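Look at the two complexes coming up: subunit A is in both, with subunit B in one and subunit C in the other.
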Partner chain A sequence: MEYASEQRDREDTIRLRGRLTFNDHAKLRALIGEMKLNKGQRQILDLSSLEFVDSAGIGMLLIAREEIVATDKTLVLRGAVGQVKRVLTVAQIGKLIPIED
Partner chain B sequence: MSFDGAAIQPPAAGTADAANTVAVSHDLLSTWMGFADVQRRTLGVVQSELARTSQHVEDATLDLSTRFRILAEKALEQSQRVADIIAIAGSVTIDDERVPVDHLVVGMQDMISDMVGNIVVLSRHAMSMVYLLDDVQKDVVELEKSIGDIDSINRQTNFLALNATIEASRAGEAGRTFAVVAQEVRHLSSSTAALAERMRSKVTAVVKGVRHGHEILREIANTDMSPQMLAKERVDKTMVSLVEQTNHFQSVLETAATVSADMSATIGRVITGMQFQDLTKQRIEAINDSLAVLCVGLGDLESQIRAQVPPDVGAREPQEWLNTLLGRFTLSEMRGRFVRKLLLEGTALDENGVLDVDASHSDSAGGDIELF
Partner chain C sequence: MTTPAPAPSPLAKASAGLEHARILVVDDNRVNRNLLLALLERGGFHQVEQAEDGGDALARLDRFQPDLILLDLMMPRMDGFEMCRHLRADPRWKSLPVLIQSSLNRPEDRARAFSVGATDYVAKPINSGELLARVRIHLKKRALLRDLETYHNRAQSELALARSMQERLLPSPTRLLNTEEALGIAINAHFAPSSELGGDFWGKRRLPDGRLAVYLVDFSGHGVGAALNTFRLHAMCQQLAAVSGEPARFLATVNKRLCTLLPYGQFATMLAGVIDPMEGVFHYASAAATAPMVWAPGDDAPQLGDGSGLPLGLLSSAQYDNRSLPLPPGGRLFLYSDAAIEIPVGSDVLDETGLAALVARHRDREGEAFLSALLADLRATGPIDDDLTALLLTRKI
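Presenting the complex of A and B:
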């Protein structure tokens, strides 16, 4: 998994690319640290270029949400497609993390 | 009335009979008597044919009624069977309890949703543990480094104590007390080294345990459960399809039940409709009664005339009329009965091939007359 950040107005957008799996756990932890320090009130994970997420990836997204909420920011998942969108839907992640198209 | 030769003479004028008498030729009387004989027989055959037909219709109607009644009962049984199937089609038995399929489907979907929810919670906890153990591992490395630092300090302390002892012995009596202190410092350094060694041994055991635990946890967290989560999609589709199919079956069965009931009702009406046979029988009996009266009248008249005609005037067979009559019958069995009655019981024998092989064959069982 690779990622790139972009800051605009009061939100930061981080675009994830490739596959988000257990092997990315260290990288995602670093990203969570970055998001906690970012200035934007809304931290948006753009998933439109993410091809695959495993169950560990879903667990990590939930941890990201908890840590970001603890800093009075909001985490948003945006533009998921394919397998990623299906897994998010089946796992009912939308009940915990706001999901945007 | 008198008969003389070929012609019947008119009665003498002036007599009482003369006014009521007309001259009729022997030839005409002979023809009339032959005709009357055949007509009487024909009427007889017609009566028996009508009775036979009426009986035939009655037998066939009874037989048909019986069969239709059986059919109606079967259609009714069929309706009942279909109704039984409809009653259980939309549900299944679980632990002796009937559960509607749609309830079952909702229950199973909830169960799978819970399962997926549990996978999500477990994945989240597993990742939290992975992050915690990542941190613990870093701390343990720090701890190992700290023990190393203690060793290093201890070596320096020991070295310093040794130097102090040497310097104390050089100082002689003045350094005697200092030498005791230096010796104590060396003992202290030795104890610290032993403690550091014990700590290193325990820390190594902890590090080994933590690393092993970390490996196991990584394996657990690295086991991708997303295919199992996505299985919910397939299960949901299967359940929807199951409910749709069950509903379709029910609808088809309900139609089948209606059709069976309609069939049963229609057969009932057919059985009622077959009562026409009663009326037909009564009509045929009435016709036969009329024919009997005609027959008796004709026979009576024939006897009266025969009594007044000289014995040498015989009845002439109306051959042409007979041929026309028998030509009408295309059913060989019926034709056979007519032939027997009209020809073999009468005066005329077959002269024109009216008796045929088919006629004799078709009635060989019931007839005592052997036809050729």
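Presenting the complex of A and C:
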């Protein structure tokens, strides 16, 4: 998995690319660290270029949400497609993390 | 339960201090031997034994158990080359450091010494600083290697034990046969962790009224952490036997308990269901599990159920829906972990529709034959890099 960040108004958008799996643990930890330091009230993970997420990847998104909420910011998942969208839907992740198209 | 740790070799401690190392000096010249002995003594090595030639050295190995050999090449009877060859032929001495000290100094002599298994080479006349430094390096390397081997062996045997314990969580073939005889429901199962231990498990329970409860669990991640969670959940499922006839309530109860146990970010997906042969229905509830598939004799393709629901362990107030699929006599029910649908196909994955197409292809095969044909197709589709469990339940009557 790779990512790139972009800042605008009161939002930070991080676009994830590739596959998000157990192997990305260290990278996602670093990303969570960055998001906690970011200025924006809304931290948006843009998933439109993410091709695949496994259960460990979903676990890491949940950890991200937990840590970001603890800094009084909001985590939003945006634009999931394909397998990623199907997994988020089946697991009803929308009940825990706001999901936008 | 504790397993006694193997006694540390004298050298395990000696990664720091090497003073307990045992060194065998092999040289036909007594003056040379005494010189080396004095040198080693000065270097802090007191457990040194001497041998006069290759044969004498080989005879002393078993009793002395050296950690390193200082070996001369030109000796009467058995020379150093010959002795080294003999030594390496014995698996016990394969990794013993052999440091050649010789006045044979042509490149071809050195090459020949290494070809028969020498570890290192110093030329006579001996430079005492260099010799001691090399002795220390090889002893240190040996100690580290031994530590690593000990650790590796222990980890391997503990994982093997844990794996056999985990396999015993699953219903035994005898119990499956009993179920088939009592209820007319045959169960065929495939269980393959991607590493020694897995995060999958499944179970079944005969209910007093002739129904059969079945469940399949997949913990996030795999390996040791996920496997430990399967033991917890297995115990929980035993305790909750009383509600196992009510899938949605069963999941909600398991979920509530798991929420207090799992750290945030760890979770499980689970499908819990009940086959009711009288009614001809499979009642189930799902916590983000894969979609169950059913088909009856004569059907062209399986019918997919709905796997959506919050995974277990995330939100203690989560509620689950009771759903159902038809399962008439002769009907089949297929349950599987997500490894089966996450097989990469191009830039996408196989997914449930892809899996359903493979299931359709083999829908008329019986039990084991169905599973092995399907698994062969899955392996041919792409690499399976997660724990894979697949269950086929067949209503015989």
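Everything below uses one rule, namely that the second predicted complex is superposed on the first by the 101 of 101 C-alpha atoms of A that agree within 3 Å, B and C clash if a C-alpha of one lies under 4 Å from a C-alpha of the other, contacts with A are read in each partner's own complex, and residues count from 1 in each chain.
Basically, contacts are C-beta pairs under 8 Å (C-beta built on N, C-alpha and C of every residue); 3 or more make two chains touch, one makes a residue touch a chain.
Bear in mind the structure is a predicted one, so any value in this text is a computation, not a measurement.
By the document's definition of touching, both partners, subunit B and subunit C, reach A:Gln92.
Applying the stated contact rule after C-alpha superposition, one finds that A:Arg29 touches subunit B and leaves subunit C untouched. Of the two partner chains placed by the overlay, only subunit C lies in contact with A:Gly82; subunit B stays clear of it. Legend: residue contacts after superposition of the two complexes on their common chain; A:Glu51 is shown touching subunit C, with no touch to subunit B. Looking at the shared chain after the overlay, A:Met60 reaches both subunit B and subunit C. With both structures placed on the common chain, the touch criterion links A:Leu37 to neither subunit B nor subunit C.
Look at A:Ala70: by the touch rule set out above, it reaches neither subunit B nor subunit C. In the superposition on chain A, subunit A positions 22, 54-56, 58-60, 62-63, 83, 86, 90-92 are in contact with subunit B in one complex as well as with subunit C in the other.
Contact residues of subunit B toward subunit A in the complex are 113, 116-117, 119-120, 122-128, 130-131, 134, 218, 221-226, 229-230, 232-233. Those residues of subunit C that touch subunit A in the shared complex are 218-222, 264-267, 269, 288, 307-311, 314-315, 318, 338, 342, 344, 347-349, 351, 386. By the touch rule above, subunit A contacts subunit B in their complex via residues 21-23, 25-26, 29, 53-56, 58-60, 62-63, 83, 86-87, 90-93. On the subunit A side of its complex with subunit C, the touching residues are 22, 51-52, 54-56, 58-60, 62-63, 66, 82-83, 86, 89-92, 95-96.
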